[in-house]
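Next come two complexes built around chain A: one with chain B, the other with chain C.
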Partner chain A sequence: MSAIFERIREALASRAGEVSVAHGVLVLQVAPGAVLEVAGALKEDFRFDLFLDVTAVDWLPREPRFEVVWHFYSTMHKLRVRVKARVAEAEPVVGSLTGLYGSAHFMERECHEMYGIVFSGNADLRPILLYEGFKGHPLRKDYPKEREQPLVPYREGYEMPGGE
Partner chain B sequence: MDLKLPNPIRPAFTKSEREDTTIVNIGPSHPATHGTIQIVAELDGERILRADVHCGYLHRGFEKECEAHTWHNLIPYVDRLNYCSALINNFAYCDAVETLMGIEITPRTKYLRTLLAEYSRIADHLTCVAAALMELGAMTAFLYLVMLRDYIYEHLADLTGARLTYSYGRIGGLARDLPDGWLKRLEEILVQYDDFVGRVHGLVDRNRIFIDRMRNVACLSTADAVNWGYTGPILRSTGVPRDLRKDTPYLAYAELDFEVPTGIKGDNYDRYYVRMREMDESVHMIRQLVDLLQEKGQGPINVEDRRCVLPPKQLVYGEIESLINHFKLVMEGPQVPAGEVYVAHESANGELGFYLVSTGGGTPYKVHCRAPSFVHMGGAHRMLEGYQLADIVPTFGSINMIGGECDR
Partner chain C sequence: MSSRTIPIRPETQKSAAFEYIATRKDELIGWARKFSLFPYPFVTACCGMEFMSVSSTPYDTDRFGAALPRFTPRQSDLLMVVGTITHKQAPVLLKVWEQMCEPKWVLAFGVCATSGGFYNNYAAVQGIDRILPVDVYVPGCPPRPEMVIDGIMKLQDKIANQQHLIVNDRF
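On to the complex of A and B.
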């Protein structure tokens, strides 16, 4: 494990749960409430200045159901960190990173519409790849792949696959 | 028929802040922007005060579809992310799966993938620069560059059988080896490249009209670029040499001699120039790789691993074990051990990352693509605000938004 990973592990030991290294990426498992704090420390103290990505994994039927996954890159250390937080379906809320990184705006919108994760503090969670009025969250495992929600109605007599 | 269609988007603002400003809608199907993107802009005269960029018109459920197919069946889908440089997508995806499986590719495949990735980068940059120049009226430069690009497409079709969506990568190797005479034709095209790109430099670099439209338009500082997640040529145009090929070398990049071109102030002109210089570096790398292929790159292209590579056809017909092996690989897919991985390659547009989650088995549990174009669209308003309405066209051209990977 590289020196910088050791330092992060020591500094964040109290806030991060499990810490491991997988395929060259440092993985921090944190509580949903500690995400903002950990991301802030990564950015300010360890110079992880590039916010790469946020997405979620739906572990239906496991509880808590969702795992939100963030990736950060440091242009100084040239290393990546993955932060993961588990949230329940009843309360899929994590903090928004829009205060720290501008790029979080679009990516949190995508994660919100695809999985229904709520990023508290991000006021702009409009649909981005989908459209206004789209029902449900298509990347959830219980959303059937065949379901269609066309904006322009189909001809009469056409049976829509996937119900509804 | 009386159809009342709902508006697919809800703009961030619908009322102007001041009395003397107007709100206009541009796109999604605008003749001067290549790619379906919608911009709602508030204008003060012809100056853009604020812009709200909407993407998603090419969304086709790539990630959902991936969860229903075997690992191998996804290769044609990843082709269609960035269709200007499909091979880079192929190799990044294959690299991610190979990392999960713990496979080390053969030296020949390593050099071939690097060579083809750089070749694709040239095709991608040619497309971007040619389209951006054409939108400014430089028809001759456009035809020169697109002619070169078409030589490359035809040449890649000789290798892969397709012009655009090659599906040439395989988990653990490649679809097939080089045909006879392929490297000879490669050198011919590179000579043509030097000739015609030199002419384009002569036509536009010091052209007053071009400079007026490009210099000091859509400037971006390094801090702003990093904050908004910019990578690739756009980040480098702001003056920092951030390139994954140098910073976290993958494939054969550690063995190659190349420079990372950077710009001065991150305006449209710098983005044009960085792309032009990057193509020169790619040509330099390709020539080194042709030599490396001859010196160290002989041997098989596929690894000896029955978990992912199909057995030879004559064995499939001749012995039951290979027949079952073939059947299992096609019907159930390669068995990828449980785990998760994030692998990023430097694509023509920036950091192309694949985040894969496997629960062990022939189909992925989750495939997420970190597409550079999508992230770049998230910060595009920073480049539009404060500049003229007409600057949208060259600015948008220099960002090189690819709908396939932006909207997935």
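On to the complex of A and C.
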């Protein structure tokens, strides 16, 4: 297990910042601009052929606010790698992995609508689970929990909560 | 629903026999209708398993004449909303209800359809009565089959005691 991780650590030492192993998963903390390069190296040089997920974490009081997290799996080595990049609220932009993994299309759309992370290079960031016209990003910590954005008008006697 | 219907007010006096039949008409039609419910199961979530259980042998809603699901709203008169309704689904549910012919009744099956349940968030409608009129609520997560049967029986009582406008304002 650690042999591959050591090779990755050496190869990506210049591009990845902090490198650690947590619960048997190699964790690479990288700059937002280096994500494409690191993911490309993981795929081409180390056979991480399966793109599992991309999501985000909202650390509200902290700066930079968001942490975008990618998970990769290697069916050859049977190992997982987690890549993290921190982005600020003012410019939540990271590169899109759609050029490397086709499955990134849908997952980046979900991450975009839920957290408002922009994946530059993904041309189709329409809502995938939410609906057209939904305002805000519901999984952000500052989204009001009880806000409702109904598509059909409520019946008489039921108050229509404000959309904004 | 009831606001759209016109109350029956015969303009001319009919014979006593006709008056008597007219007063018993609702009873007769209510009796017939309460044993011929054709449910449309709008099943969206895990309550669907309980719906299958209550429909099949040990509990058997056919005893109440409510066993044969019609998978088109145009042939059904009982909309069973089984499971969580999200805001994205709400227009679909409303369209299904609008396509059902009168007379029609709605049963909210499970706590999610009744009140949103524990899904108090951006996605879930906090009870389907916000978008369409509900006749019977069956809470529970999921409800026991006995509760559903009780709900159906309550609906039958309601139908039996309703006014049934079947022909026109002269009947």
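The criterion applied here is as follows: the second predicted complex is superposed on the first by the 156 of 164 C-alpha atoms of A that agree within 3 Å, B and C clash if a C-alpha of one lies under 4 Å from a C-alpha of the other, contacts with A are read in each partner's own complex, and residues count from 1 in each chain.
As a working rule, a residue touches a chain if its C-beta (ideal position, glycine included) is under 8 Å from a C-beta of that chain, and two chains touch if they have at least 3 such contacts.
Quick caveat, the model's predicted, so the values are computed rather than measured.
Trainee: Kindly classify A:E146 by the partners it touches after superposition: chain B alone (first), chain C alone (second), both, or neither?
Mentor: Only chain C; A:E146 stays clear of chain B.
Trainee: Is A:Y154 contacted by the first partner chain B, the second partner chain C, both or neither?
Mentor: Second partner only.
Trainee: Does the superposition put A:P138 against chain B (first), chain C (second), both, or neither?
Mentor: Both: A:P138 reaches chain B and chain C.
Trainee: Determine, under the contact definition given at the top, whether A:L130 touches first (chain B), second (chain C), both, or neither.
Mentor: Both: A:L130 reaches chain B and chain C.
Trainee: On chain A, which partner touches more residues: chain B or chain C?
Mentor: B
Trainee: Check the residue A:V118 against both partner chains and state whether it touches chain B (first), chain C (second), both, or neither.
Mentor: neither
Trainee: Same chain A residues contacting chain B and chain C, which ones?
Mentor: Residues common to the chain A contacts of chain C and of chain B are 130-131, 138, 143, 145, 151-152, listed in rising order.
Trainee: Which part of chain A faces chain C closely enough to touch in the complex?
Mentor: Checking each residue of chain A against chain C gives 130-131, 138, 143, 145-152, 154-155, 158.
Trainee: Write out the stretch or stretches of chain B touching chain A in their complex.
Mentor: Listed in rising order, the residues are 3, 5-10, 12, 54-56, 59, 61, 63-65, 67-68, 99-100, 224, 226-229, 231, 240, 242, 247-248, 339-344, 351, 353, 355, 357, 365-366, 368, 370, 374-375, 377-379, 382, 407-408.
Trainee: Would you tell me which residues of chain A are touching chain B in their complex?
Mentor: Against chain B, the touching part of chain A is residues 22-23, 25, 49-53, 55, 57-58, 69, 71, 73, 75, 78, 80, 82, 101-103, 105-107, 110, 114, 124, 126-133, 138-139, 143, 145, 151-153.
Trainee: Which part of chain C faces chain A closely enough to touch in the complex?
Mentor: Per the touch definition, chain C meets chain A at residues 87-88, 90-91, 94, 120-123, 125-126, 129-133.
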